[in-house]
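In structure tokens below, several structures.
Look for chain A in each of the two complexes below; its partner is chain B in the first and chain C in the second.
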Partner chain A sequence: MRKSITFYGLTLSLPMLVWQVLFFLAPLIFLVALSFWTVQNFRMVPDLNPDNWTRMLGRGVFWQAYFRTFLLSTSAAIVISVLAFPCAYAVAFKLSETARRWAIFLMVIPFFTSYLVRVYSWQIFLSDNGIINALLAKVGLGPFGMLNSVFGVMVGYATLSLPLVVLLQLFSLIFVDRTLIEAAHNLRCGRLRTVFEVVIPAAKVGLVIAALFCFILTFGDFVSPLYLGGGDPPTLSILITDTTKSGQQWPRAAVIALTMIATLLAVAFATVSFAYRERGR
Partner chain B sequence: MTIKEMLPGLRTRRDILKGASVLGGAALATPFLSRLAFAEPVELTMLAWYGHAEPDMVAEFEAENNVKFKPKYYTGGDNMLGLIAQSPPGTFDLILSDAEYVQQLNAAGYIEKMDPADYPFDDFFPEFQHFPGHWVGNDLYSVITRFGFLGVAFNTEAINEKEASTYNVYWDQKLKGKVGHFDWHLPNLGQISLLNGNASPYDTDAAAWQALQDKTMTLRPQIGGFFDYGGTFSSLQNGQMLAMAGIGDWITGTLERNGAKVRSVIPEEGGLQFTESFSIGKGTTKGDLAKKWIQYITSPKGQVKSANMVAYPCLIPNEKGWKLLAEETPAEAKRQGMLLDQSNNAMELIRKGRIKYRQLPVQQSLEDWNDFWSEYKAA
Partner chain C sequence: MNDFNRNRAVDWALKLYVLLSFGFIFAPIVASFAFSFNVDRFPSLPLGGFSTIWYEAVWADPLVWEGLRNTLVAGAVVSAIATVIGFGAAYTDFRYNFFGKTVYVALALLPPTIPVVILGLAMLAFLSSIDLSGAIYSVIIAHVVMCAPFAMAICRLRLSQMDPSLEAAAWNLGATEWMAMRHVILPFCRPAILASLFITMAVSFDEFAVAWFVSGLNETLPVKVLGFLQGQVSPRINVIGTFVFLASMTLIILAQILLIKRSASPAAATNTGAVPQ
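On to the complex of A and B.
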């Protein structure tokens, strides 16, 4: 049956469409065009030159940074999701209604402070002479090199995305049908098995989307790799700034940015289709 | 007894009229007075490194000339050129630039020709009266306002000054993972070029360039991070990095003034010199005011402010400025090596040939250096 477009339907959907065209599609088209421009005397000149693509995609440095960034973000999505789950589970199933509201409020609070400030403050904790190593020294341990390392980057990524992942997981777990859990228990299913066989599959969409958000946020993050990872070795976001800093190569930076966007779109589509895939299909 | 005698404070009609006319005149003049007192300040745009248009530098000039500076700060010469290239002519009245970029500013037509007679070159040390790159023949395009040296920056509790007196200290095993880079290829590769014995560190033939790359790559296992301006400060401050390549007193001086255990030395292989100078932006409508600022900041009084700038200290090229600095802030003059009777003061280091100008690569393109730096970082 052919659906006709109603006036009210159009009115409701048009702002979203206009928004997408203005703030996503148009800049994306401009970014694609920019990637073919050339730079002469630090000035960008409109062109149709494919050199930026061949040059950037032909460089080992680019692919090293690409796979490193992908690996870091995938690891962050897995580790942070695993860390977040017990917290989200406890809030969803173990707390009273009032306590849950307070827990949600507390998880929103970190967003009140600038992410950059939170990351900078981590330096005080993680440095060799920082608070954590000072405490460890009291029991004869350390010092451990936490700052300017992958561990530092992961701490930063958790600062950025852990509260959001917990919240997304939580909203998914809250809506899990309690009767399914009761049925599992009645059928003598153990607590742990119930979590893996009933709760997680029932909340799969939310859990996967939470991990996806973690991947998206960390894949483009510049702050943690630079200030907690010491920029060593560089991620794609750092490579973008390096490319623009020297010689004002915005067109080459556009190539990196477009590759990142393409990756994020591919990962998002794959993840969403995985999330909504039904069992056994 | 008359009424006047009874009430001595009472005024005559003439007195009252006199007072009223004075008050009326004052009331009528008030709009003109207040207009003068609260006239909208003239906005002067400045493209510069951070700190140059902060209150410690500009407040006095702003008050004296009814000016309000509107700064646009950049981080690096390429960034500066990019900002100008993407702005309409006349956007920036004043442009602060490192020496190696002045020629590019001039070649691109971004700066005005200046009249040397307007500036106090006679008060400058001879080395700075005709500074390379600022002049094209006898035409002046930029006036040097401050400069600094880049050497080995180190944590004084981790290594001593003798150990830090060679770039080889970066390879010291006790500094493994504790050597940082200020993330810009020019000063870092320039330092290793000096270590490799290149008399002109930026003018290297193919063999010397290859040797420079090879030597730099051997340093990679020692490196704990690549830092921007803020990261460089914090990693030295919190002791995370014990030595830092590519910087000098412009960073450690600020930290040292605040009690951090860091310092910079010029190693035996020599140091690099950066230079900051002011140009007048092409197409400005406030050229006279821009000129007045440059005259102010290159005067002895302005030079003392420049040497003590809160954001980062620097050396100054005006000899009279050195004398005034010695009177006003003798400790800082001594710390930076700007006392005329001090042995091995900044000018002596230059005159002994221990300092080379930081410049753009001569025989390779900037892109070659940048590409290598990216590979080095990713290694």
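On to the complex of A and C.
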């Protein structure tokens, strides 16, 4: 392969680099600068003032939102992973090749449907006189207040991330060495025990990464907490949209955004090192 | 697998669970379709009469048409730009080794992992500081950032199915790099390029958060839907949802057909006959 820098090579490789540096990297770096700007007379003024940071990080509301968001996303990552696993397991091990292909195709479809429309649809299901309560009333139960609750938020989070979690789990389960499972069965290892002591350890990296993606997706989502969870108390992403849309307090929104990025990086780093730990043994 | 530990009841329970999962995933999509034809404003069971009044309401709403026009313009331009630069990056990764390549690839693929609210805020602040926010091209700029990684991944997957010596053979037969690109690489990648056009367009059609931040008054259709969601109950969301769903599905199925058909018969892609086997 020729390696020298040519006009041909640059024409093909530079557009992506230029575009992402200009419109992806630069905005993120600008966000860091912006978090030190000040707002005077409703106008943003370039500055190097740590005031936004001390003010935001010194607020009870901010930390309340922070821990609420963190707790919600952690619970979502765990609950949705647990709910997704039997589905991914069944598709990987119990379905025929054709059925599996169809299942994967069907799981991809939700990525290309409007998340907003699906959330609106869940409002129809979950509201006090919605579909589920109407059905429950027929058997003499309810009504249950499902909208504007943590349950509502979780339904929304599952709508957002369940298909992705199932797919990621599925792709790691498909590559589990089947002879390992057969060996366990030949050694009279029970079904459940095989799942917990053979299948899950063998697919560990994929399962952990799936949970991580669930955390990342739900951590940044503002639609479910707002329209299914009621938005009160707010999550960090709701704080960002409120702070940005309600005027010129962009520097403070930038502080929230940067705190979120730092958290995501820390969580991603911790999770990935956990996923790959003990692999060298 | 051997038959010890096999239990029909467990197998059926698991299969039932798969069906339930699909039920959960598709319930909101199906409900939105069903309620778009419902006559009542406040959706409940049993369904009211069949009606197309909400379709007529949407049809007669100039705001929806304006949003649709913005969405279509943005989608078309975004898919073209994202596919061109995504293909270039995929080819770069396929053919070249250079210092800092990991950084290059990471930078190209990273945008989808950044939460959209953060991306939206960063884009809004940055673009308005250089006077590029609040217009349809702001949406295009932001969506290309988000869509180009998908285009790159799709094209890269196709390139990995290609024998690298095909290109070298073309050079040995006297083709310049550009001629080899035009007669060997591009024909081979055509299904992936088309698939990437369709899929990036579908992604752009559905994106609402970043578009909401940067579009200002030039709202796209999903941003209008977000506005409806903030207002009162309106079955118009179901109508628009059904429409956007059908449009996206058409694009995805076209992409899927292209990818499956071509990868099933890799030889068919080299239909220029320029490549001796």
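Methods note: the second predicted complex is superposed on the first by the 250 of 281 C-alpha atoms of A that agree within 3 Å, B and C clash if a C-alpha of one lies under 4 Å from a C-alpha of the other, contacts with A are read in each partner's own complex, and residues count from 1 in each chain.
Keep this in mind: contacts are C-beta pairs under 8 Å (C-beta built on N, C-alpha and C of every residue); 3 or more make two chains touch, one makes a residue touch a chain.
Predicted model only: the values in this text are computed from it and were never measured.
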Thinking of the overlay built on chain A, is A:175 touched by chain B (first), by chain C (second), by both, or by neither?
neither
Between chain B (first) and chain C (second), which does A:230 come into contact with in this model arrangement: first, second, both, or neither?
first
Contact-wise, after the overlay, does A:196 reach chain B, chain C, both or neither (first, second, both, neither)?
neither
For A:90, is the partner it touches chain B (first), chain C (second), both, or none of the two (neither)?
second
Could you tell me if A:64 is touching chain B, chain C, both of them or neither one (first, second, both, neither)?
first
Chain B or chain C, by number of chain A residues touched:
C
Which of the two partners, first being chain B and second being chain C, lies in contact with A:120: first, second, both, or neither?
both
So in the superposed three-chain picture, is A:128 touching just chain B, just chain C, both, or none of them (first/second/both/neither)?
first
Between chain B (first) and chain C (second), which does A:148 come into contact with in this model arrangement: first, second, both, or neither?
first
Just to be sure I follow: which residues of chain A are touched by chain B in one complex and then by chain C in the other one?
120, 124, 129-130, 227, 244, 250
Can you list the residues on chain B that touch chain A in the complex?
75-76, 78-79, 81-82, 84-86, 104, 107-108, 177, 180, 183-185, 223-228, 231, 234-235, 238-240, 366-367, 370-371, 373-375, 377-379
The answer for chain C against chain A in the complex is residues 1-2, 4-5, 7, 10-11, 14-15, 17-18, 21-22, 24-29, 31-32, 35, 42-45, 84-89, 91-92, 95-98, 104, 107-108, 110-111, 113-127, 129, 141-142, 144-145, 148, 152, 164, 177-178, 181, 199, 202-203, 206, 208-209, 213, 222, 225-226, 229, 237-238, 240-241, 244-245, 248-249, 251-252, 256
Chain C partner, complex, touching residues on chain A are 1, 3, 6, 8-9, 11-17, 19-21, 23-28, 30-31, 34, 83-84, 86-87, 89-91, 93-95, 103, 105-110, 112-122, 124-125, 129-131, 134-135, 158-159, 162-163, 166, 178, 181-182, 185-186, 188, 190-191, 194, 216, 219-223, 227, 237, 240-241, 244, 250, 253-254, 257, 260-261, 264
Of all residues in chain A, which touch chain B in the complex?
41-44, 59-61, 64-65, 120, 123-124, 127-130, 145, 147-148, 226-227, 229-234, 239, 242, 244-248, 250
